[in-house]
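Shared between the two complexes below is chain A, which has chain B as its partner in the first and chain C in the second.
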Partner chain A sequence: MSKGEYGFSPGRVRLPRDRSRRAESFSVARLGRLLYRYSGAVLGAFVLLHVLGQGFLRIPALRAISPEVGSSFLAYLQHVPVVRGVVFFAVVFHFLYGLRIMLSEVGWRSAHRPAVAGTVVLALIAGVWEAAF
Partner chain B sequence: MRANTRPTGRYPIWLVQRISALVLGPLILLHVWVDGMTANAVVGSLLLLSLVIHMVAAFLRMGAERTISNASTGLVRVLILVIGLVILGVGFGVIGSLV
Partner chain C sequence: MLRHLNVSVYRFDPAKDGVPRYDTFSVPAFPEQRVLDVLRYIYENEASDLAFEFACRTSRCGTCSVLVNGRSVLACQERAKPNMRVEPLSPPFPVVRDLVVSRQQVDDNRKRLNLTPVGLESTQGGIPSERGPLRISEEKAEKQQLINSCINCQLCVTECPAVHLREFEGPMLMAQLRRLDEHPVDRQDRAGQAVEGGLYECFSCDICTEVCPVEIPLADQIRHFRQDILFGDGS
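Here is the complex of A and B:
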């Protein structure tokens, strides 16, 4: 194969490898974004089940389909401590992290690590409190 | 505005999501902690509307961000619109039964 103008073959250029693996490493910002997205999904699922449960309990047309569905949905969603804890964790985390995003959009600056850690701790306290008491 | 805080998606959707988020906070507090507010038709209707708007706007923005794949964007949009309509339909049915 003929050498090119710069002394190497086109198509065989070897770029220096990025050995840092920064893109694959753990990132607090990525953890925050993931938790924000999953807490939103948990809340969306809860709202859907909560509204359906209330519908089966109170709307005659839905109650006629199955009278037990409403009471079993509601019993599971509103009285099981673990479910209440997860929902409260999701509510508090989604609210606080969303507030932080909105504040950052109007110019407020905060470091990722303490902000995410603080939000997780406060959400955990709310979730455990709700599940335990 | 810095690149990492720039609103993604079309600007009106970003604005709608922010406004619905600001409305949702106090409404959820009222719904959960104030006695008698679970049966209040005005609070319930506003809560339902702002919840569905916030949810749909979030998914539209995720599609615009390309954080979910192009192939699943269309499917997710249809799914989220159906879920939104179910929540609105059943939710307003529940509110109607309480009035």
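Here is the complex of A and C:
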């Protein structure tokens, strides 16, 4: 494209602070916030179900309802690879993201994009590792 | 062959319509076309009653803020997409008509909080310049300038999850209060105003920092403000 009388190519003109594909761009901050929420929900649900499973195993009144529920339920929670992977991902992500928030409140500075991306990668590694091995 | 954009625009006139609707328009596409160009085309050729706002067209005034496909953007900057849905910044702002929202609440808050430096001298009717120009460090001046470059577009307020879920007046006001808290002349209790406005309700998610077209690190301002309140600002 030839340069015009003003010395620039019209097609390449950029207005200052031009971030013009915002609606299509990937929002790391939004991803981080959603994952933090969902990982918290997964952890809450896991703890609740785990306590319930233990209750069916150890509390006589619950055990009387169905003796197998506790053991089969806990076995499902603890031995299905995908469930273990999801729980490990949730534990690692929720811990690291929460730690970052707490540290940033007391003065630790980190660029949020690399911090969230790093947290996701570490949590993914933990989750996949746990599910695969 | 001329390409066309498929544009769905939010339409609502509280005086006439019971519920909002979406009108669909086919708009000719051209290179470097922005959302504002599309809205102007629709207004000039298809729907002359479409209400929308703009002024500078160079991302300096913050009046043309809209939602495009659910994300808050400046219409004058955002590139038009082949399929897009354009909506007003609502919630949290009430719709006046079509894409125009009322920013009365923000204006009222700004007025209530008096977002100009209020020093001892000015409250006594005098001016600091009687003692010569006020000297402040270059670092402080830069900080003041950075937050002062806010264009009041309200993108951060629209995107902030804490604004939607909690009693939080939004990142923009918090950053302005932080600026005044650090201002060498200002003597008002800005920290108290910020806490009243929900300073501790912020989730620290950094979405406001990401959406700010002026690239003000809004979440950092809020975190700094909290630290200063908790641990003292060292001054």
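Criterion: the second predicted complex is superposed on the first by the 107 of 133 C-alpha atoms of A that agree within 3 Å, B and C clash if a C-alpha of one lies under 4 Å from a C-alpha of the other, contacts with A are read in each partner's own complex, and residues count from 1 in each chain.
In this section, a residue touches a chain if its C-beta (ideal position, glycine included) is under 8 Å from a C-beta of that chain, and two chains touch if they have at least 3 such contacts.
What you see is a predicted model, and the numbers here were worked out from it, not measured in a lab.
Set against each other, chain B and chain C touch different numbers of residues in chain A, with C touching more.
By the touch criterion defined above, A:Glu105 lies against chain B and chain C together after alignment on the C-alpha atoms of chain A.
Of the two partner chains placed by the overlay, only chain C lies in contact with A:Ser27; chain B stays clear of it. Shared contact residues of chain A, touching chain B in one structure and chain C in the other: 104-105. Taken in their complex, chain B has these residues touching chain A: 1, 5, 7, 18, 21-22, 25, 28, 48, 51, 55, 58, 83, 86-87, 90-91, 93-94, 97-98. Those residues of chain A whose C-beta lies close enough to touch chain C in the complex are 11, 13, 15-24, 27-30, 32-33, 36, 101, 104-107, 109, 112, 116. The part of chain A that touches chain B in the complex is made up of residues 40, 44, 47-48, 51-52, 54-55, 58-59, 62, 91, 95, 98, 102, 104-105.
Only residues 31-32, 34, 58-59, 68-71, 73, 77-79, 81, 84, 161, 203-207, 209-211, 213-215, 219-220, 223, 226-227, 231 of chain C touch chain A when the two sit together in their complex.
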